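In what follows, structures are represented as structure tokens.
After this come two complexes, each holding chain A, first together with chain B and then together with chain C.
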Partner chain A sequence: MRNCLIICSAEVKKAHRNYFKSISNYFSLLLWPILSFFTTYYTYSSFDNYFDPDLANKTNFFTFLILGCLGHNCFWAMVQGGVMQIREERRNGALEIIYFSPANRLALLYGRALGDFIQNTWMFFIFSSIIVMLISKFTYIILFKIIGSFMVLLLTSTIWGGLINSICIATRDAGFLFTIGEPMNFFSAVKFPLKNLPFWARAISPIFPSTYCIYIIRAIFMGNSVNTIKILELLTCLSIIVAITYILTKITEIHNRKTGNLQFY
Partner chain B sequence: MKPVFLTAKAVTLKNRIITNRAYPLSSFTERVVGSIFSIIFPVFIYYFIFNCHISESFTKHANTMDYLTYIVLGQSVNIIAVSTLMSVGRCMITEIREGTLDNFLLSPASRIGYFLGSYVEQFLRSMLEFSLVLLVGITLGARIPAEKVPIIALFIIFMSLVCFCMAILISTIMVFTKDTYITQNTFFLLIDFICGVLFPVECLPHWLQYISQLMPLTSALKAFRNCILGNQSLQDNWILLAYSSIISIVFLAIGYCYFRKFEKKLIENIYV
Partner chain C sequence: MIQAKNLNKIYKIKMKKHIWNRSEIQYKEAVHDISMDIEKGKIVGLLGVNGAGKTTTIKMLSTMISPSSGTIHVDDIDAVKFPFHAKKIINLITGGERNIYWRLSARENLEYFGSLYGLTKTELKKRIDYCLSIVNLTKNADIPVEKYSKGMKQRLQIARGLINNPSYIFLDEPTLGIDILMAKELREYIKRITVEENKGVLLTTHYIAEADELCNYIYVINNGKIVSEGTANDLKKLYTSNYCLNFIFDCYNKSLFDDIAKLENIIKIELNPELHSIKLISKENLIKKIIQLSSNYKCNINQIKTEDSLEASLMQILKVGNSHA
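Let's turn to the complex of A and B:
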């Protein structure tokens, strides 16, 4: 356990040192979500009225969209961070050196995901501040809501990031993962309420843990009750993801020991 | 003229071989999936959330009540823009990354021929993507009259050239900053936001409308929609087309001049 914690903390430190001061963070975590948010906001301007009585006022609508963008961005950052970072490490040989070490593989994968998530933390606080300003009354309840949402995002994004990292290690052509951005955005109901998804789409949306995560943080901030079934579904989804990550990591390592090609790209 | 043609032909062939051998599917599927899902979001809210009720402000600004066709035309042009900017914009930085730039700069090959070759190679691919998005749009309810096909073909060539001019400037920015990730994604999001792809530019605040006019795609897209949706002729839109052409030439001139200027220090700067 202690070893796993050391590995996780090393990965978090590495991510912080490598990327925290990087200008790309300011674009990918701040400017792009803002542009994407306003594109969605103005897309709605082509229609009459707000679509949901709960979102009838502008403040609620803004909060609703911001929370969707925030949740999606955390999950999307895992995909971008995972693919780019592992591609780079594969090229410069660092990945092979890491795999020579006796470090616990799952701790490595989750440590990386956690490191990527922590890079998103400052963005989370900016978004939370905007929401607080929109609601315009700072109370202790809001503080608990922020902490609660942060914990939900931390858990789900890290587990999702672990799966993405394991796929990136399994294949050097992990660029196909960028294809899931738009489907994830749609099926997770980032830009509209989950209940409006048609039946066939609701059957696909449980594949993405972001669906539950966005649903829960919206419920926490917007004062709706959280459906217990949704929490159970989230926990089931996360357990399946952990199991897939574990199996994929084992298969990849056995394969790479035979073929010895972690380094080549 | 001959060196330009020879270089363009060689680059087209080279890029075609690279795409066929190394990335036969991934780049194509990524863009098509992205574009189809960009259509799905507005189409979805149109049908399932607002029950086909569009706002008066949309009708007033877009001069049409046909929301679906409006969106499909916007997204199909967007895919041409993304395809051209990705291929032409990134071509030079790819040479740097693959270590082949020195050879290219040492050769007497035409620089503009190089960019034209990259443009021609991706043109057919982008047409395939464009047709696919249009087909999906028509399946979802967009109305493209058959008699408009010749005018659509003319506009495709015009838009593609507009995007080529933008791509030259973007390529120079990428070479200068040695970055593709930030530059290309920021441009894609800006095009989505301010060029009127998903909603009329008039919905934006006034100061953003002024900025949107600095992008040649905004007026070109408006003229395209006027001709297809508004039953206007090319002559009715000559001001928009002329304006778009002038801005495109400015983009091309700035991009190309800065590239030639920066080229002299390029090799030293690669390793910095």
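Let's turn to the complex of A and C:
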């Protein structure tokens, strides 16, 4: 356990030292998510009669959208960070040296995901929190809600990131994961309520943990009671993801030791 | 001690065919029945041409790939069954500028790679300071690696390879692409860590002189098989049937030089009247005959040098190996 914590901490520090070096980061970490959020907001605001009566209130609508964007941003950061980082490390040979070490593989994967989460989402998280505090009445409860949401986002994104990282280790052609962005955005109901999705789409939604995560943080902030069934569904989904990550990691390790594939890029 | 017995590695290779046809699978035996020992405090060389099976062997011994058959024991650990246990006491140093993070400083790199071995903050600090001092990078420890020269990056690779205080180190062409001065310096580091820190080292290199200078024992590999083994001197004696002699006389005597050139069994001769020297390669040892001739002409010999070339031996070994293949 101690070793796992050391590895996770090393991954977070490395992510910060290696990838947070230039001013261009501020564009990708803050400006683009904000632009994306306002694009969505003004697109929907153009329609006077928004189709969901619960969101007719501008404040509710604003909170609803920014929480959706925040959730999506966290999950998408895992895909971007995982694919880019591992591709680069595969090319420069660092990945081979990392896998030469006796480091716990799951600790490596989750440490990386945690590093990506902190690096890529902290600015937009702070921005979203400030917006939510400004449009709601500031109370200590809001602070607790922010901390609670942060914990939900941290847990779910990191577990999702672990899976993404394990896929990137398993195959050098993990670029296909970039195509997951738009479907995840749609099926997780980032820009509209889940109930508005057609039946077939609602059947696909549970595949993405972001669906539950966004649902829960919206429920926390928008005064809705958090559905216990949704929490159980989220825990089940996360357990399945952890199990897949574990199995995939084991299979990849055995396969790479057999073929020496880790050195290829 | 690392003991490898009867290692074999067979790769499955998919042969590319037309897009609509199923690819054909072929099996390639990269390594065949290799056995070797690596003792602590000794440098063992693994020599061979490109594609001979050096990298596959080093990767099997370092647990990066599993052998198709055979056993590897690192001290008392079965490295095939328990690679994670073996990984704790070994490390790998490769040549070139890859495998490290260029945006990080040397200290940050070592901090990261050391953490992968579960070293705590205090242990890391001590170990990093020590490793940096061994490779003379202490002064530049906090500069980003991208600002380093090629040689400094290679020294950092050595420090990285020492971070977990391994008992055994695998050096895969560590002086690849660096200048002769830096290569000499690196060879000094390698000698130092082997002797002073009692590490077992396996070295693969293309530079024969490097193996000759560093290795206590050498394995020559060709077509995936060990074709010869022994100390550098053993290999030279075993495979060099020719004599390489170098004479320096106190004066130049044309008749003497002409008579020497007429001796039988000379394969190649280089006469240098200005330096009063003769360098020759012969099938028999001509020292006695040349001393006799020089005394006949009353010309003193200032120096006699006999040279064995590991490179010549290696060529001979590989020639024999190929003719049997």
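In this text, the second predicted complex is superposed on the first by the 247 of 265 C-alpha atoms of A that agree within 3 Å, B and C clash if a C-alpha of one lies under 4 Å from a C-alpha of the other, contacts with A are read in each partner's own complex, and residues count from 1 in each chain.
In the analysis below, contacts are C-beta pairs under 8 Å (C-beta built on N, C-alpha and C of every residue); 3 or more make two chains touch, one makes a residue touch a chain.
Since the model is a prediction, treat every value here as computed from it, not as a measurement.
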Clash or fit: what happens to chain B and chain C when chain A is overlaid?
-> fit
Regarding the shared-chain residue A:196, is it in contact with chain B (first), chain C (second), both, or neither?
-> first
After superposition on the shared chain, which partner residues are touched by A:175: those of chain B (first), chain C (second), both, or neither?
-> first
If you stack the two complexes on chain A, which partner ends up touching A:98: first (chain B), second (chain C), both, or neither?
-> second
Looking at the overlay, what does A:17 touch: chain B (first), chain C (second), both, or neither?
-> second
Return first, second, both or neither, reflecting whether A:42 touches chain B, chain C, both chains, or no partner chain.
-> first
Inter-centroid angle chain B-chain A-chain C after superposition on A [Cα, multiple of 10°] | 90
Rounded to a whole Å, what is the shortest Cα gap between chain B and chain C in the overlaid structures?
-> 10
In the superposed arrangement, what residues of chain A touch both chain B and chain C?
-> none
Report the residues of chain A in contact with chain C in the complex, numbered from low to high.
-> 2-3, 6-7, 9-10, 13-14, 17-18, 21, 92-94, 96-103, 108, 256-260, 262
Of all residues in chain A, which touch chain B in the complex?
-> 23-24, 27-28, 31-32, 35-36, 38-39, 42-48, 51, 84, 173, 175-176, 178-179, 181-183, 185-186, 191-192, 196, 198
Using the touch definition up top, name the residues of chain B that touch chain A in the complex.
-> 26, 29-30, 33-34, 36-38, 40-42, 44-46, 48-50, 53-58, 62, 67, 179, 181-182, 185-186, 189-190, 192-193, 198-200, 203-204
Residue ranges of chain C touching chain A (in the complex, touch as defined) | 11-12, 56, 59, 62-66, 83-85, 87-88, 91-92, 94, 98-104, 108, 111-113, 115-120, 160, 164
